[in-house]
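Dropping the structures in below, format is structure tokens.
In the two assemblies presented below, chain A is common to both, partnered first by chain B and then by chain C.
Coming up: the complex of A and B.
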């Protein structure tokens, strides 16, 4: 029984990383209409920035996380302005943005490889809370707890922002029709910049926490999150952060439990087969969803 | 500092040159000229950490061979590099380009066995020698076209597992396996058979995938089987992640690794978590004893500023082996005559292992050196003491 509970916690922690990633990914898709293939690189670069903050500036864990999150956000804005804004101005469709994002992904991935010396780096063990916690015979790491709490806080914060604030209403308005939003006084450019920053920051948080938990800071960090994050967004629904978060956690649990009780080799096959089955039953995802036609 | 580095490089080159006298006899001197070797490198991609070492070793060998005319007066050997990023399709493309370039006399390639397997039939049908510098799957060599400069790790793994069992007397063991890697499957199978023959029970096999990054759940699974020892048969990134996760979760039993733990970057990354974990090794700069090995270490340090690892040694040997073939072929060798000459070699004469016989295109070394990282980051012989 304790093995089952420990694996459940492992699945929740892993799924929390997928969820954090998915929140940002879904936000960009819902608001800006971009299927951003470069989103994974924000996670890689955030982890690299946080590691540099620890190693070169000697910053403590909370500040290093903030540096990573800010770096992810800044990269999100930079990519948006360099790669997507020119297309947006010309009214290019979703396909153009997707292809541009693939180019940005490859360039940023290559640069991340150069930045890490093509190596997989890791945070020094004394730079983060690395201890184990034991509760009633169940063992889990402090980082797992931090990851789950961070995911819950980010989900709640993002949900309140998008659904219950004026700015969130502006985001949804821009996501629905940019010109119409502008007519009623919304500044679409401000919304676009803020959305790109928030999405990059969420991905950055997933990257920093994932980089610490898996002792892997490299270009492959974001790649690992990309497919799972995308699946979580599809299952959870594009326009609801709660759905993306819930689906991300479910994906993590499914993955861990399939490996524990069925087969590691079939792990991803089982996970995605179940997701496919779910989508057949609920094609719009957990919390409804909207169909998108613009980029 | 620069003078010291230069002196070390010169010493290494002189020592390399000294083996002219000890080299095999040949019919005619090799014609002067630059002999190009196409090197399919893996300096980006998932295993670039190893790929850079392979290439550095090869470049050092080319420098040494060319500097003192080891193959003959006025002869040089140079390394043409194309990066495959460990992608089979790109490696095939690179090999095709080398085949098309008639100035390339031989090729060397591949760390991953599936990539080597993809390239193998192409070089055989095109008629160009290929020296595999990193892939470990048995059966890859096929003289006269394909040779392997990687010591088959299977027997070394078995020797390490047996030594561990004799020393620590475990009742049950759990294995970690890279389920998507045939070479590791075979290595695990051989070690498992040897241990079960000794009466060591298999508590379980935990499969992971090469691209996995989170090993918390697999570590929990393995520890749930309560084994006395855990043996790891995966590539480097998973092995590092597994050890980190096991240690973090408080596993105190014996862990047995494999040769992927030998690069200094592994100690740098894992620190105390990897100290005392036994694994077999073919070459270590900390344990170099022969004049060739010492010269290799000195030359490498002078050129690159750090110690060579097993991967650099394999890249180094690949170029020396091709040079040996060219020197023995003499005259104006073609790809076909070079292949024929390479097939006639029974050992790599200039080697860093203290002996490197070749059988059926496959090199070997005598005995198994089992080492572990010490607390101060040195590779030391493993004694079994925790």
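Coming up: the complex of A and C.
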């Protein structure tokens, strides 16, 4: 029984990383209409930045996480302004932005490889709270607890922001139709910048926490998050923060459990079979409603 | 000249194979849908064709129609499932299909050889490849001027207006998927013959991104754009490697970015050509 609970916690912690990734990816897709292939590289770069903050500047753990999150957010804004803003001005639509995001992905991915010397780096063990916690015979690491709490806080914060604040209403308005939002007094530029920053920061948080707990800081960190986080977006629905978060956690648990109780080689197969099932049976995601667009 | 030919022969071959993938993507794009499912069609066509060629020793000439047909059939099934989704969801779903394709390829060892891959000890002369591409080009050219081509353009520009003109959107998009599947399946077996080795990684995200980038780069409003884009996108990394050897991929990404920012409608843009002609007309 205690093995089951421990694996459940492992799955939650892993899934929290997918969830953090999915929240940002979905936010950009819903608000800005961009299928951002570069979203995973923000996570890699955030982890690299946090590692540099620890090694070069000797910053303590909370500040290093903050540096990583800020780096992810800044990169999100930079990519948006360089790769997406020129197209937005010309009204090139979803396709053009997809291509420039692929371009940004190629550039950032390869530069991340150069930055880490094509190696997989890891955080020094004394730079983060690495202890184990024991609660009633169940052991789990402090990092897992931190990861899960960070995910819950980020999800709650993002949900409140998007659904229950004036700014969130502005974001949804821009996502629905930018011109109409501008007519009723929303400044689309501010919304775009804030969305890009929040999404990058969420991805960055996933990158730093994932880089620590998997002891892997390299370009492949972002790629791994991308493939699974993307599945969470499809299952959970991109237009709802809660759905993406829940799906991320569920996929993490499913992955750990199927590796434990079914077979390691079928682990990814089960994840993607579930993905296919959702696509066919519930194509708009867990909380997906109907959308109203001009016929 | 002989050296040059030897050095760039394989680049030319891959450029032509990529042109098939780009045309397959263009086929769905021209009916207003963004889909990465071409990778899946290519995987089916490639693995099935390779198995037929290796185990039944069928000549490539017979294998190719089978690959194209299998791709078209799969595309019909995919169209039945995907056409219920709206545009954003279809893009996501087709990307998910690409991820699933790799998992299936890894586990369906009887068809794909699993992690060990599948060697395809056959080759294809470059002129045959060029001839097949030429035939496909004629098909796309005739299609673009046909009732179907005009209807597809209407659906892409404005589905609601197209519906009021009595154009059956579903049927047009299903046909687009079937064309995409046939060309994609054909491209899959041609890639297998070019590489002479297939692994589950052969048909994956890289092809998906390459082909969509090629189409948009070349110009997604004319079938020739797909071919131009595929050639540019295949040749660019090779040329850049000669210029900036260590950073050719970074330079490749930057080139892609610059082209998209300054020519968002691609290298071949029928609208720009028409506008230029219209501007000249009054002075004549």
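Before moving on, here are some points about what is shown:
Rule of thumb we're sticking to: the second predicted complex is superposed on the first by the 288 of 295 C-alpha atoms of A that agree within 3 Å, B and C clash if a C-alpha of one lies under 4 Å from a C-alpha of the other, contacts with A are read in each partner's own complex, and residues count from 1 in each chain.
Just so it is clear, a residue touches a chain if its C-beta (ideal position, glycine included) is under 8 Å from a C-beta of that chain, and two chains touch if they have at least 3 such contacts.
Only a predicted model underlies this, so the values are computations on that prediction, with no experimental measurement involved.
Contact with neither chain B nor chain C is seen for A:180 once the two complexes are overlaid on the shared chain. Of the two partner chains placed by the overlay, only chain C lies in contact with A:279; chain B stays clear of it.
Shared-chain residue A:37: touches chain C; no touch with chain B.
By the touch criterion defined above, A:122 lies against chain B but remains apart from chain C after alignment on the C-alpha atoms of chain A. Contacts of A:7 after superposition on the shared chain: chain B is touched, whereas chain C is not. With both structures placed on the common chain, the touch criterion links A:110 to chain B and to chain C. When the two complexes are superposed, the chain touching more residues of chain A, out of chain B and chain C, is C. In the overlay built on the shared chain, the residue A:234 is in contact with chain C alone; chain B does not reach it. When the two complexes are superposed on chain A, the residues of chain A that touch both chain B and chain C are 110, 265. Chain A contributes residues 3, 6-7, 10-11, 13-14, 110, 113, 118-122, 125, 130, 132, 139, 141, 144, 210, 213-216, 220-221, 224, 256, 259-260, 263-265, 267 to its touches with chain B in the complex.
Those residues of chain B that touch chain A in the shared complex are 43-46, 48-49, 51-52, 179-180, 206-209, 211, 213-218, 220-221, 224, 237, 240-241, 244, 248-250, 265, 269-271, 273.
Residues 29, 34, 81, 84-89, 91-93, 95-97, 99-100, 103-104, 106-107, 160, 163, 209, 212-213, 216-217, 220, 247, 249-250, 252-254, 256-257, 260-261, 264-265 of chain C touch chain A in their complex.
Against chain C, in their complex, chain A makes its touches with residues 29, 33, 35, 37, 82-83, 86-87, 90, 92, 94-96, 98-100, 102-107, 110-111, 114, 227, 230-231, 233-234, 238, 265-266, 268-269, 272-273, 275-276, 279-280, 283-284, 291, 293-295.
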